[in-house]
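The same chain A turns up in both complexes below, where it pairs with chain B and then with chain C.
Let's turn to the complex of A and B:
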């Protein structure tokens, strides 16, 4: 039997991979690719949050927002440390990579417009992170990652609860109610895109075959919907999805995917789109991709220059 | 860049008295003093009863797993 068949069979039966000598090249590449997406997503969640954190209505809100950002840096640190143990050069990855080559979600290439959007960001996007990483925590075959996710799982739940509190509180104020609805209108479908291409369009997935994760994209999207939709309904926010008794699953009331207007942060729900075009949009990046990545790299580059000047 | 002189430290912690001392993560640092600071700031998810940082190069292995693809010529490609 070839190494790939041996490893796939073993991990499907619960074998836990502990080091490089347990991997074939395909497993290593799939794992690295996954951890880069995770690390980049955690780290690049911070620039959008920073755009509005100083609009926090109370000091407690501001402290919580900063604590959440500190957590995200910690989570990114975990993913990058695991990558370093797999032989990846992290300095190159963090400080020498072009902005368009970062793997964070398209949703994180946008500035937030107000404090309410920070709440919806936590409630929707951190929920997506919690769903994806919760699945990895439950199923992943890579031991070091599974153990590292104990901390991440706990903290992401706190983030999404913080978002829910901000949304619920805002819904009690007639003016802020509109802001919540406006934020949800663009961030809901954006969160659903986190889970990627529909299952029927994917021929195979190394992530699933090597059990880096346990559930498919569509299953994870359903899991997100199963908590996000009831929460929104409970506070009186309208979402373009409902539970269909006949199909026993959540269905969308608008075409998905559909075209998006990045300037006005608005979904063009009368213009259905293909996943190929969505991937093209992801690759073109959102409006603040360059600015946000440069912000992450700025300090390291300046310090490097100072060192050169000193020599 | 600047990370060339950094060492890897493994972090072990115990949540409360009586719990096992568990490997909870790693940090990179220039020395053990900085490793202590990085560890306590990065891994603040619990109010640990005990936490240690150990220079990875100082760990003496008695036994390692039976690697799936252990071969003389190295990892299977």
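Let's turn to the complex of A and C:
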């Protein structure tokens, strides 16, 4: 039996990988790729949140938002710290990588328009993070990551609950109610895209074979829908999805994927799209990708210049 | 936990449904609630937070009000936040302590 099959069988039977000596090259590459996506996603969630945090309605709300951003930096640190142990040069990764090569979701390449969008961001996107990382916490074969996720799991729950509080409170105000609906209209499908290509279009997944995660993309999407849809229904927000009794799962009421107008942050639901085109859109990046990554790199670059000038 | 009169026991129970925003531990098991008094149709809650810099004070107060106002006879909820005595881990209930332990958080 070839070594990669043996490792795959071992991890499927509960073997926990602890270090480089336990893995093969394919496992290492899949793990690194996964952790880069996780670290980038955590870190790049902050620039969009910062675009509206000064619109917080009260000081305590602002402190909550800042506490959330601090958590996200901590989560990013965990992912990058794990990558460092795997031999990755973190300074290069953080400060020398070009903006378009960062692996954060497309949804994070946009400025937010108002405080309500920050709430929906927490309620939808942090829920996606909670769903994905909750799955990793439950199933991942990589021991160091599994142990680090105990804290992350709880903190993401805090973020998504903050989003729910903001949305629920806003729904009681007729004007803000409209803002919630407007935010949900573009952010709902955006959140569903976090989970990636449909299962039927994937030939194989190293992440699943090596048990870096447990559930498939479609299963994770269903899991997200199973809490997001009932929550939205409970507060009176309309979402383009419902539970289908016959199929025993959530189904969408609009084509998914479909085309997106990034300038107006609007889904063109009369124009169904393919996942190939969605991936192309992801790779082209959203409007603020460059600005957001440069903001993260600014301090390090200025310090480097200062050092050069001083010598 | 402060003194529990028979007329306020149900409100202590109700507040066991109000969770800390981060850990699924109630504000009662966290030891945040010092006293509940009933005055006509008004409830007076005396409580504290784990830190003066707690990022979720308004959020928790909103959740407490929301839950208590679900009781038909309650028309108003007054919340008085005090810092004396200060919160320490000694205020955690045995149940709260067990839950934190499960999540890998020390309560010593």
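Please note the rule applied: the second predicted complex is superposed on the first by the 311 of 311 C-alpha atoms of A that agree within 3 Å, B and C clash if a C-alpha of one lies under 4 Å from a C-alpha of the other, contacts with A are read in each partner's own complex, and residues count from 1 in each chain.
The rule is simple: contacts are C-beta pairs under 8 Å (C-beta built on N, C-alpha and C of every residue); 3 or more make two chains touch, one makes a residue touch a chain.
Quick caveat, the model's predicted, so the values are computed rather than measured.
In the superposed pair of complexes, A:103 makes contact with neither chain B nor chain C.
Touch criterion met: A:154 reaches chain B and chain C at once.
In the superposition on chain A, A:177 makes contact with neither chain B nor chain C. In the superposition on chain A, A:162 makes contact with chain C only, not with chain B.
In the superposed pair of complexes, A:3 makes contact with chain B only, with no contact to chain C.
For chain A, the partner touching the most residues, choosing from chain B and chain C, is B.
Overlaid on A, the two complexes show chain B and chain C touching the same residues of chain A, namely 150-151, 154-155. The residues of chain A lying in touch with chain B in their complex are 3, 6-7, 10, 15, 17-25, 70, 74, 77-78, 81, 84-85, 90-91, 95, 147-148, 150-151, 154-155, 300, 303-304, 307. Residue ranges of chain B in contact with chain A, taken from their complex: 1-3, 8, 23-28, 41-45, 65, 67-70, 75-77.
Per the touch definition, chain A reaches chain C in the complex via residues 58, 60-61, 63-64, 66-67, 150-151, 154-155, 157-158, 161-162, 165, 169. Of all residues in chain C, those touching chain A in their complex are 21-24, 53, 55-59, 62-63, 103-104.
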